[in-house]
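Going by the order they are written in, the chains are A, B, C, D, E and F; count residues from 1 in each one.
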Amino acid sequence: MKIRVSRKEHFNAAHRLFNPAWNDDKNQQVFGKCNNPNYHGHNYELIITVTGEPDPETGYVYDMKVLSDLIKEHVTNKFDHKNLNLDTEYFKTLNPTAENIAVVIWNILREKITPSLDLKVTLYETERNYVEYPAH
Amino acid sequence: MKIRVSRKEHFNAAHRLFNPAWNDDKNQQVFGKCNNPNYHGHNYELIITVTGEPDPETGYVYDMKVLSDLIKEHVTNKFDHKNLNLDTEYFKTLNPTAENIAVVIWNILREKITPSLDLKVTLYETERNYVEYPAH
Amino acid sequence: MKIRVSRKEHFNAAHRLFNPAWNDDKNQQVFGKCNNPNYHGHNYELIITVTGEPDPETGYVYDMKVLSDLIKEHVTNKFDHKNLNLDTEYFKTLNPTAENIAVVIWNILREKITPSLDLKVTLYETERNYVEYPAH
Amino acid sequence: MKIRVSRKEHFNAAHRLFNPAWNDDKNQQVFGKCNNPNYHGHNYELIITVTGEPDPETGYVYDMKVLSDLIKEHVTNKFDHKNLNLDTEYFKTLNPTAENIAVVIWNILREKITPSLDLKVTLYETERNYVEYPAH
Amino acid sequence: MKIRVSRKEHFNAAHRLFNPAWNDDKNQQVFGKCNNPNYHGHNYELIITVTGEPDPETGYVYDMKVLSDLIKEHVTNKFDHKNLNLDTEYFKTLNPTAENIAVVIWNILREKITPSLDLKVTLYETERNYVEYPAH
Amino acid sequence: MKIRVSRKEHFNAAHRLFNPAWNDDKNQQVFGKCNNPNYHGHNYELIITVTGEPDPETGYVYDMKVLSDLIKEHVTNKFDHKNLNLDTEYFKTLNPTAENIAVVIWNILREKITPSLDLKVTLYETERNYVEYPAH
């Protein structure tokens, strides 16, 4: 009787896509306008999904207030109103694509949530582009 | 060639979270403002998902009009504009968390839909909090 | 060069519509399922709109962070996870229709915002029902 | 380390549901108002989901700009502002239910996307009715 | 103390834009893909706004249930799952642009709502295109 | 018989709020996290509203395809995937608050749309913060 519970949070950040191993032409060819050297930005919508059995005493799989606080403390407080490339430790050398941001967030939260619960990250970069990790 | 088809309905209800086996302090500590003795409420968005093979004569897995009527007759007519704790048989002794409401709705509809079709319930308590049962 | 700036907040509350001057039959006839004596509830979406000229030094008509804090302190902290009829001073004798809730919120905030700025309240009771006060 | 990436596009089309093997009464009985001989229409929201491992050089599972162009070239340019029954090759004899449209779109795109990547189609016929293919 | 109250309904319809006084080339040049002779379609979202003073006994400007029924009886039952050009009396000779549909709906409802209340129609043809009548 | 027609477009951009006449402490105090020297960003949703009488031959106040192209050519192509402070001529010395961005966009488009038509700009910086210019 496993149930999935999800909490949606958001953060607004600037980023730039590029691969430092490539020259400018190659970066421009691959990443196009996302490669703007002065950065652009997004309102990221972040959904954290936790799967497990509800506690018979509370009826909760996970207290949504606790999950919201956890996301704010460990994720959105670090990323909100930041330049992902310059202001965070995670994307100094890692390209901040939606895929990579989702994996970074999963790694951060995986340590904070008891291993008996499954964890999934969904990240909307725009209303029309989003990613999910892991895929199942 | 299995396909999932989903129908979204909604109901507006009052509820209160608490565990009658606990004293007031413990209930307040665990459920916080959701434990308000005079109740609060939500616009619940309910998505019912049915999975199966489309009928070759109709091209339907399930007629969405029939599914909508089924949800209204057996679920939303019972829950809409009600106090879940006081006005429904289901939550007299069961805590009406989103998790428990989703399981109750699944149990109600599972009897009404032919067993060869899989059934899943998604319930949004708010735009930012939602649950899915079963988890897969 | 007047500009309108708007901030969206939300609160979840229970309420019951009825007129204490009427008998039960009349209340049921007029308010239907909204008259449920055990209450029902909604996720209210609240938009506060302030109109004025932007400050030339900040480029702001009103700092949205300040407006958000003001709405939380004076409105949503009082109404969120409450029973509007029982738990608030405003609806002890006033019927908590969306119209009346909007006027109450306008009166609360009108005192907190400098008179040179126009004020408007938009309140969504559901995704499909909403009110605006004042009308212009 | 598989990730799912999704791109949302849309098209507006007319259609009529009916089975040419049935007489008018039977079609009316099964398909109701969707059987209107003069057609009705929808704003279809289409989500294409591709699953695979991100390329270590780009951080992309699939370039969303390339995916968007692929969907436009092979799907929405053929279906947008069209009568699905009369103007497309796909629904001359196949009933254009949401289920069948999703399978047709999956078949079109499956040939254009490298087989090592999983493909899924989600199609919203209305805000409240949608289908997913394949089901897993 | 005037308040605006709004109710959102929807209908799904097919239509074709053209001017019968023009030849095919001119129609194609002006209306482009909206001129498809076999029609295309939309999920129309319709918002009806009524402005007046709330009744002191009910706290309502207009009972939203009554307004919803009025819209269904006189508007959406006539337009939903129809071909606007072929199946309705209103667009036999009038081009069914969003502008003209909004004016037609306003004229229908203006007769049904007491003249002391202002009436406004907002019509979304797509999520990104909408019209409002009257303009003030 | 004036009608308002609206077209929604979007752009993703980085920006930083600050007043160069102030020192760092004052900028930090007034603009808080929006003052991050490395920028942050948003998905801006832009609605352009044009008001006038519909052309009796077309039934259009303004061709939405033409309006969309105009917005793309003169606004979103200049702002999308840009750093508003560094990459645009408009915000070299003007603080890119939502208020100021809306006025800049209005000034750009006012020259491109015939003076007999009224023009209004609505700009969502986030789902919960938006501005409208002019205010009426």
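Criterion: contacts are C-beta pairs under 8 Å (C-beta built on N, C-alpha and C of every residue); 3 or more make two chains touch, one makes a residue touch a chain.
Bear in mind the structure is a predicted one, so any value in this text is a computation, not a measurement.
Think of each touching pair as a link: the shortest run of links from chain D to chain F has 2 of them. For C-F, the equivalent interface within A-F, E-F or B-C is the one where over half of the contact pairs agree by residue number, namely E-F. Matching the C-alpha atoms of chain E with those of chain F calls for a turn of 120 degrees, to the nearest 5. Taking the mean of C-alpha positions as each chain's centre, the chain lying farthest from the centre of chain F is B. Our note on geometry: chain D versus chain E, Cα centroid distance of 28 Å, whole angstroms. Rounded to whole angstrom units, the spacing between the C-alpha centres of chain B and chain F is 41.
Within chain F, the positions touching two or more other chains are listed as 127.
Here the chains touching each other pair up as A-B, A-D, A-F, B-C, B-D, C-E, C-F, D-E, E-F. For chain B in complex with chain D, the touching residues are 1-9, 51, 54, 57-61, 63-65, 118. Across the complex, chain D is touched by residues 17, 19, 21, 30-32, 94-100, 102-103, 127-136 of chain A.
Those residues of chain A that touch chain F in the complex are listed here as 10, 12-15, 33-34, 36, 38-43, 80-83, 86-87, 126-127.
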